[in-house]
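Shared between the two complexes below is chain A, which pairs with chain B and chain C, respectively.
Then we have the complex of A and B:
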């Protein structure tokens, strides 16, 4: 029998496609689904940390299909919606996202799209039925379908640009730091003397999509970018480089340069100089927290909960540079059995931790964490509760992060690793300070001041208190004396 | 669900096998015997009740649903021969939309309109199209809408194949309150081995024959007049065949969960009959009689 899945962190394929199209400037999504599919995605995103895109929530054009559109077919309703959308929303590209109903009923949306394209309107359609897969599936399929169709709409010759690099695999709004990560990748590629062709966010638009076929190479940073990159390989012979993760730090930047150099001609001295600068910068900044690193013993036993790419990047960095021991890694972007990808990162993950799990259910994740003996958790806001119960600090790195806004902050490359360490040290330090506060309030109670029970009623330390044992308190008092 | 008013009977069978003709004649015979009958055509072609209402126009349930107006029972039903209440579920135009969902919606709507409470039928017959290709077409035998199903079949392999598919559906849904099988209506029976084939099929699947209906000119003629045989040729032998069939269906309480044949089992069974028919047609003598 099926069980309840608590707090799943992946929506359906339609949601993945929708949040992908929303983040392409100039692209207008048209959702062919029942009322609610788009709004649910919006509500999930609002609880995430990245804020809303241009078309979000109630402003997403959609057919709001009803039962009669299921029984009698919804194609004519879709035609009406596309025409109305074109009238009121100026767009460079309209992307029809077909949902479960459309797939079940078998609406001939391709014919509808051809009809409107023949009238001179830039329209593409994609089938991203929720039952086909999750958010990542939606991302790769909508992108692949757009790249396949663009030539039929915007006819242009190929003008190869030997400096241009397509960036694939970063699903918009899925990694809380996605926007900053794209900006950082762009900065790094610029440092190599290349131009990043980024499709999403502040610097991405339909223009970049049209230009993708002219790129010298496509870099795929997670396995979820394989499919669209392969479309460009097959149609326009754009070579593909598949990386297991985004660069974690200056070392990662160096590895990226090495991988790129196999296909693109790089100015070696320029690249070396850039990487040397990156290393110097990273070291000189991180040097500043050397005392904290030793004082708080940052080479802790840890658990990681997040996507595979993040586990490889952040987990690998913390293990190699800080000696963090990962007693458990939980991957939350698991593949369905029938979704095959070329990339298999099993060996890389196994090198970071002996215990790699795939889970999307909070109860299962909590059980893994309980048994992990972790002294610190790297995860999402959904792990806040269990971290409190286990009385260990939580560093929020993966989706969703609900209690703060992350706009252009990055977690990759030189700038990202600095932020990550900043965050790690801050969280551990705060935790330590809080622990000392609680202990000292108990001491004051023991020494005859305001009783600690009274203090507790004023301030809600109750969660933390439960873990402070009498023995710890006595040790603290004797140390104070 | 409230206690069911009347006996609810679903009639299935391959397209073109004579479901509507058989169902309409059963309805007419039951009405003639004094029962209150509703016949619901569950087919986008919406021609199930034609012969009961002299081919007169009747808006379908889904047509009315498409208009989006408030629907009244009077708008979608008409009384035909012997007071049989005729209803057609209707559906989308061919190749568009989802007919299975349409049937589902139409049946739900009829329940919402309190059809059965209002009309108080003794018998409700659902004439369901073709093969049970997806969940939508199985709606009449699920959810306790009907408690018994009959299947119309000739001795043709494809008709028996469709019957076997219905058996699979019944087999799946019966344990959770779905309909059971009342029997097989052997239609278009001609002299020769045709009965034997159907008899063998029901024996293999643990089911029974509800009645044999011979191929007859009376049926064709009556249809061309836009009438049932019961109405057009009440004195004919064919009318009596339908009356007996109606009586059997009205009284039969021997409902079973069939044992459908597996795909290869069904193929092997058909092949064995292929060989036998060849021998019969060509006068080949087998077995003990071979020595004569």
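Then we have the complex of A and C:
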């Protein structure tokens, strides 16, 4: 049963579908809901780090349903809206997104869509009522519905491409690094001699969606993506590989190659050469922070707050390569009861931490963090408050990240792992500066107005220094900034 | 007559005949809105826009010691992400399909108790959303039951997202609830401060006005945004009330005057030199601090004159897209700098704020007027047709105008109110001109050329009911 949530970080199915469609170039979302439903998503996203898509915010067509549409039904309003959308807004594919309202009222949207498709217009619809599920549900269902309907609209023959790989599982804007991650995956698949069929962002469009049926394989990173990949499997016999996470580093790249080789033919020597180069590159860059690893004690006790895929990827890497011990992992996207997916990553997660929780309630998360004894938190901007209270550094890796812009920075593959480590070391160093300031103020006797000589008389100075990391008074720290 | 008798605030359409759909000329708009009632229109093509639940959330989330519950599906609760700061917490009742069938009152009860225990607020606000409104959940009995138990006001904000086309209705609904349930009903005495009413203004805007008040020596409190529950309660003890944006704050100020005898010092929005001067002099003379005000204004005036070139906008066509209360002041400023206002957009015209249209007598009668929330497709049409060089906007997502050949002056993230605002606005024009033809790209436009060659009011129709 789902409960009340404090500071929910996941939007609803409509939001998931909306941010999925708006990142497909050439696709135009048409929101059949009251005026503000889509805007809520826009306002939440624009505070985040990803910038705006071409069809975002107030450029998105929508029926802006009014009371009369709730009472008498909104189908005729929707018909008028679709017809006019095609006349006003440029697009190769129009995707109608149905909301709570339209579901509760029971509008026959399918009939509307059929009618307009019969006229030769590229329109699909999907029901993504907010009360039916979250962002990830919206992502999976809208993609599945589009892939199911595309053939009926564009009617093209199958031309299999043995090098083409569909990429599923990275939810646009939900993964703060989604754009960079897709670019990195594309680069890696190119390195294997394959072609990535990416649907979103700078390198994806409606064309890639149309081409998805011709792929040699669909690869699903994380379970969110199983559904659309299965549609392609059932309709066009495109095999599916499900990976628990995106590749974290050169090792992950190697594992990905092994998994792919089971289904597509790879040039082994080419792949080996590529991976050797990746390893060499990664090692020689990370070599530069070897001193920091020891001097700042980076094998810390940590807590991770984020999505399952990130926990497996980032958590696994930090544990295996940096000796980080995870005293708590909180999965913010996992469902308490998941009947839709076959993937179960329980064992993988258990290998990273003994304490794996499912939570997206801020109070619950904060309580877990309080009890975790973590010296560093890998989480989102929503953990800033608790990190401040616990006086531990926060490395922002999961959604939402606010107050910064992330355009094509990646957190996966060799490039991603390098930027992750950059971030980790930077945050720890910044924290160290603060720690030194506090130490210096203690030495100067600012705290409590006592001089350090006075305090030395009361209790040993070294005693005081050892308690620095436990300073509870947050105000004191902010005064130091 | 006070509207407080009503259980909840009337929509802006019902109370003041608000019009949110119009595309035509200034003259046509004046004509359309001059009767005793304004005829409603609709759009047969529309784009998504802000609604009253969002506006209500924006105000309430900035009341320091209140807790907020968004009573709806998880997505409605997502609005909180737009206001993240370290200390801010909000709750979603996270209604799922089962709750839409069986009702969500158990979850509401849980949310209220959690909010109370975890945040120790001085009041709890429950924001209504479409699902709850369609289901007609009984919120009041939950409130009645729990108010006894926790002894703080629990206030239902009757927003639903589909009964009004005007998002400012959200401000009205909040106003109504604050007056009905929080403001001190029997103020024993008048205290020496002024209410500054702010709904949509950025904190920097409020600070610009606060600075002037300090310089003149007027004590103030800001409400309902950036306030505390105690300050809201004290509103009835104020010496007077001023409003930063009349079309948003009028309702609160008028009711304070009518029900609690707190005089409302009516003025235009304190924007531009003339607007700010009039605003400050009016309140100062009411408080008999005219001399201080005059001295202060003269001092500021001497400083300001130096930095402004009156030819900055020579030969430029400008389109202004802001709340109607601000259109006259900003348009005047643009014309003073040598520019020509060829069109304006505003979210609504109603029986109250229509007076602003008459202040636009310095513009030509054929000036394009677009009334609507967002509806950038119509503005794109107007920008293209009007050969607009500069698009001035206070709303999100203004860069669309760049694809229609205009450079953009955004008033976001800066103070445009008060004397500070005069230079900030001027500076925004300077910066925008530097970007002329740098960001724009015709191919990027989201709108078909065939639409932009059609008449802009193509999709605005008379409402038939």
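In the analysis below, the second predicted complex is superposed on the first by the 436 of 481 C-alpha atoms of A that agree within 3 Å, B and C clash if a C-alpha of one lies under 4 Å from a C-alpha of the other, contacts with A are read in each partner's own complex, and residues count from 1 in each chain.
We take it that contacts are C-beta pairs under 8 Å (C-beta built on N, C-alpha and C of every residue); 3 or more make two chains touch, one makes a residue touch a chain.
Quick caveat, the model's predicted, so the values are computed rather than measured.
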Partner with the higher number of touched chain A residues, chain C or chain B: C
First, second, both or neither for A:131, with chain B first and chain C second: second
Touching partner for A:210 - first (chain B), second (chain C), both, neither: neither
Chain B versus chain C as contact partner of A:104, first or second or both or neither: both
Which superposed partner A:300 touches (first chain B, second chain C, both, neither): neither
Chain B versus chain C as contact partner of A:67, first or second or both or neither: both
Partner chain in contact with A:409 - chain B first, chain C second, else both or neither: neither
Touching partner for A:174 - first (chain B), second (chain C), both, neither: neither
Touched partner set for A:25, first chain B, second chain C, both or neither: neither
Residues of chain A at both interfaces, chain B in one complex, chain C in the other: 67-70, 104-105
Footprint of chain C on chain A - complex, ascending: 2-15, 31, 33-44, 46-48, 52, 54-70, 80-81, 84-85, 87-90, 99-101, 104-105, 129-132, 134, 362-363, 381-382, 384-385, 388, 400, 402
Chain A-touching residues of chain C, taken from the complex the two chains share: 43-54, 72-84, 86-87, 89-97, 99-100, 107, 110-111, 114, 118, 130-131, 134-135, 161-163, 165, 167, 373-377, 395-397, 400, 444-448, 450-451, 459, 465
Residues on chain B engaged by chain A in the complex (per definition of touch): 62, 65-66, 68, 91-93, 96-99, 101-102, 105
Residues of chain A that touch chain B when the two form their complex: 67-75, 104-106
